[in-house]
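Multiple structures follow.
You will see chain A twice below: alongside chain B first, and alongside chain C after that.
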Partner chain A sequence: MNAIFQKVYDFVDERIGLKTLEAKLMNEPIKGGSRWAYVFGSCLLFIFIMQAITGMLLMFYYIPSADHAYASTQFIIHEVDYGWFILSYHFWGSSAMVVMVFAHMSQVFLWGAYKKPREMIWLVGLVLFVIVMAFGFTGYLLPWDQRAYWATTVGVEIMDKTPIVPGQMTLSRFFVIHVMILPAALMGLAGLHLFFFRSAGPAGPFRGTTEELKAKTDFFFPRQVWKDIVAMAAVFMIICTLAFIEPVQLLEQATPDPGEYHPEPEWYFLFLFQMLRWKIFSGEFGQFLGAIAIPGLFLLLLAALPFIDRSPERNIFKRPIALLSWTVVMIGIVVLTVSAILNREFLD
Partner chain B sequence: MAHPVENLSSIKLAWAVAWSAFWTGFPFKLIVALLLLAGQVHPWEGAGLVTLLVVSIPIDIWAVGLTARTVFLERLSMEIRGPVGVSLWWQGAVLGALVLGGAYYAVGTTVAVGQKVAAAIIALIKKFYPALPIAEQITLELLLWTIPTAIVLLVFVLLWLHLFGWRVKRVVVASGQTSSASFVERVRQWDYARVPADPTLVLVSFAGVIVTLTVVFWVLLPVTTPTPHPDYPLQQVQKASKPVKPEELINKTEATLKKAEAVLAALEKEKSRETTKGKSK
Partner chain C sequence: MGSVQPKIKSKVRCVDGEVGEVAHVIADPLSLDVSHIVVRANGTERQVPVSAIGAVRDDAVQLTCNVAQFSGFPELEREDYVSSKEVEIPHLEDRIRVEPGEVLVPLPVLEKNCARRSFFAGFIKVIGALIGLPLVWPVLRFIMKPMYVPYDNHWIKIGNISKIKTDDVGVQYIFKKSFKDSVLEREEDKNHWLVKASPETLKKIYRHGDITFYDEKGAVVWVNNQTVPYVAFSGKCPHLGCGYKWRSHKTRGQVFLCPCHLSIYDATGMVLDGPAPRSLDVLPIKVAASGDIEIIDVEYKAGKKEQVRIA
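Then we have the complex of A and B:
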């Protein structure tokens, strides 16, 4: 068996240089050694692959038309073998991806890993963040129930003040963006992100003497690979657990009349939705300020961060402004999200 | 001369052990919880909860022992004689139960008082500014009672860490001995304690465990949804039945019968012709 495997390996190696590729991929030195803090990027890649697999399985049964989208999703949940689980995994996988993107970006920010010479990795990462949010937004409409329909309506209205009524064209376009354009963009940019990462090398820990860092420096394989695999398994199990605890249940089929249903976007846009309810953001200019100007400026600030913050200091405990800003943003997001949930009972 | 461990902060030491131990044991507990869920047993109540708690005890003892050893080796250059997992676990559990009891009462009281105070402050603001919008009111009220609650909770967490750290230090003083290994050797030692040294063993064992668990998982997993929505169930599409027209049906049947009779007569005729031919031969 080993001889056959070796022959196949040698055959492929002779043609594409497998040994060199393997050495490049696996023998990447990690300054300061492997760490659990470095698993977020690998976990994101894993979640994306699982989203692609479950998404393809769902596409075997899903019909992207306003007449059949709801019925075909109901069919997946109730009739297709394990369809309910695959759909629920895909649903929670999208949330996991958003959470993981926040975790990954936070780790990079707190570790100061966006600083020179890693500015390009940070910039591509920001575009990937926007793509992940777009994935969630476009996928949410596809089941075509009241929740999906009104989340999209509210979401579009946040970005563009023109009221829309999602119809067949919206569904078709969202479907194409969700299953064709965004995956292609994400694959290309994730590849570029990894290429830049490998070119610049990992930033390593922000603390420790040169002697300590040198002593702990290790290759990517096996210890970091092991940690990545354990983290991916944990992420997989958490998504499965959520799929069991809260499986996808459709509401009534989408109609242009919300009826009893109070429209709101997906949970990861709730903080913005709640912020827009503040009086300061009322009126046309206020809505523009809250929905477009502030989030846009925030993204621009993040993009400019490596060029503004030129200090080589990476220790977060010696960067009080960075630590304070991160804490305020995170607490703000949590408080506004909880406020949006509490706000539901005042809507009747 | 004071033992080197006394120079370390109890809270930092306890945090290093407890945080790592939590994440070390977490994936194993998750496997148990997931298999229970696949078998439609809730791990947060009844038999499921008991199973999870019982399984968690040996996992936690192992995780605390492992992480404590590596923390001592890394931060204090000390090796510990004998098993420390059981000793640290029961002390942590007793302290945890005591602190949790106190925290339950204190946090509950803080929430109740905080909400009352927040409501009073909001009422006062509304006196001067009656048009206070609901969205601002909710966020303000939330901040007013969650900030003191978070502080009280943090105090109890720090209290538990301080007490646990104090017990961890006692264990180190009682059974720790300074390691003679160099820094580089110690790095390898604690790294190998957490991650298997043999890469092939890592991959093969992991693949084996994953395959086994996957098979068990899919065997237990319900084929169709165990939780259909009570208000919006699957709408069974009924096939539209054609209206029955008796005259048309009789005519159609008669025509089919006539056709069949004609075919039968033709077949019989052919058969009798073949029989006559055979006799004449």
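Then we have the complex of A and C:
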């Protein structure tokens, strides 16, 4: 058996240089050594692969038609063996993806890893961030229940100025964007992100002398791979646990009357949702400001960051403005999200 | 000494004579500068720090030491180094222009312990298996849903026997079948073939005795017997599932003929010619006093010698 495997390996190696490729992939020196802080990117890749697998499985039974989307999702939950688990894994996986994107971006920001020569990695990463949020938004409509319908109605009213009502054509568009366009874009850009990362090399810790860094240096394989896979297993267990404890339950099928239901987006959009309830974002201009201009400007600011912040200093404790900004943004998001949750009480 | 660019195979001279040639160049993985050259001399490879290099000319490297001092430099421990072909250091070869593969980089101290390396590799595989294996069964069951949909055993009225005028002739009955297909309520045109069998034909069809039909648990659903002279054949060709017809054949006369791969069956359903592995499939049949025909739309897997019920 081993002999056959070796023969196949040698055959491939002779033609495409498998051994060199393998060595190049695994023997990447990590300045200052492997760390738990570096697992977020790998975890994102893992979560995405699992989302792709569970997503493909869901498509075996899901019917993207306004008449059947709801029934086929119920069918997945109630009729197909383990369908409830696959759907719930996909649902919680999307939340895990968003959490992990925030962790990954925060780590890169705090470590100053967006600075020269890693600006390109950062820029592609920002596009990937937008894609992840778009995944969440488009996936939300697909079950065609009340939650889906209203979150999408509000979202579409904000972003699309054309007069449309969510119907079959919206569902079809969201479906194609969610299962074809975004995955293709994410796979291509994640590949580019990794290529740029390998071209520039890992940034390493933000403090320590050359001698210290050299002494702690190890290769990507095996210690970092080991940390990555332990983190992936933890993420996997958490998502599975959530899927078991809180499996997806659909609300009523979508209708243009919300009834007793108080429409609300997915938790990671709650801060934006809550912002739009503020007085200063009332009126047509206010709405544009809160929903488009401010998030847009924030993204532009992030994109411009490596070009504005050109000091080579990477130590977060010597970058007070950066540390303060990160803290303010994080507190802002948490406060807005919590107040959106507290506001629920006023609705009953 | 960042700009030192010794060439591979350059002659290496000490102050008092030539000692050998440059075999490798060793680079510092952090600064990407040359830290040592490796000199091959009399079958040994010695590591000379760049600080001992006086000058680098076109084809020669001039050392500042003498031959005796040169012999004092340590021999290269090759296993403590990896070549630039085996390691991914961005821009390493942009900075040091020697032939690719000849640049050596010191193996990190942490990577020298082979035992732990294989321990980690094993651990990684175990964790990978812990993530992957629990998913195998749920995913298989999830995908296999169509395989455990229960059989449809309800009787469907497909027409009246008054349509049949002659014995031992295939007559097509087209009917509408409503059924639940995942969440869809669908209606499909289906067709089966009926033969009003003459006593000899009936005897041939029942040559193995009564024909019994089972559900997925193996319980008997229905038994056809010779008291009913009408026989219903499933409209699905047992070869590969095409729709066959009652046709006139040049040499064999009136036969069931499948247009796809030219399987030919007689009025008893037996294979006369062609690639079909078994006779036409008989369906459960009931004929009422009024002449109304009811069947159960049993479906078998095509291409098999034995009947394997699939619906």
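Descriptive notes on the structure:
Keep in mind that, in the parts below, the second predicted complex is superposed on the first by the 341 of 348 C-alpha atoms of A that agree within 3 Å, B and C clash if a C-alpha of one lies under 4 Å from a C-alpha of the other, contacts with A are read in each partner's own complex, and residues count from 1 in each chain.
Operating definition for what follows: a contact is a pair of C-beta atoms (placed from the backbone, for glycine too) under 8 Å apart; a residue touches a chain by one contact, two chains touch by 3 or more.
All values reported here derive from a predicted model rather than from experimental measurement.
Bringing the complexes onto one copy of chain A puts chain B in a clash with chain C.
When both complexes are overlaid on chain A, the residue A:198 reaches chain C alone and has no touch with chain B. Contacts of A:33 after superposition on the shared chain: both chain B and chain C are touched. Shared-chain residue A:326: touches no atom of chain B or chain C. Contacts of A:206 after superposition: neither chain B nor chain C is touched. When the two complexes are overlaid on their common chain A, residue A:85 makes contact with chain B and with chain C alike. By the document's definition of touching, both partners, chain B and chain C, reach A:230.
Look at A:216: by the touch rule set out above, it reaches both chain B and chain C.
By the touch criterion defined above, A:20 reaches chain C but does not reach chain B.
With both structures placed on the common chain, the touch criterion links A:261 to neither chain B nor chain C.
In the superposition on chain A, the residues of chain A touched by chain B in one structure and by chain C in the other are 33, 71, 74-75, 79, 81-83, 85, 215-216, 218, 221-223, 225-226, 229-230, 233. Considering their complex, residues 23, 26-27, 30-31, 33-34, 37-38, 133-136, 138-139, 142-143, 146, 183-184, 187, 191, 195-196, 199, 202, 206, 210, 217, 221-229, 232-235, 237 of chain B touch chain A.
By the touch criterion stated above, chain C contacts chain A in their complex at residues 29-31, 82, 85-91, 105, 108-111, 116-117, 120-121, 123-124, 127-128, 130-131, 138-139, 141-145, 148, 182-184. Those residues of chain A lying in contact with chain B across their complex are 33-34, 36, 71, 74-75, 77-79, 81-85, 145, 211-212, 215-216, 218, 221-223, 225-227, 229-230, 233-234, 237-238, 240-241, 244-245, 247, 249-252, 274, 277-279, 335-336, 338-339, 342-343, 346. Only residues 20, 23-25, 27-29, 31, 33, 57, 60-61, 63, 68, 71-72, 74-75, 79-83, 85-86, 198-201, 210, 213-219, 221-223, 225-226, 229-230, 232-233, 236 of chain A touch chain C when the two sit together in their complex.
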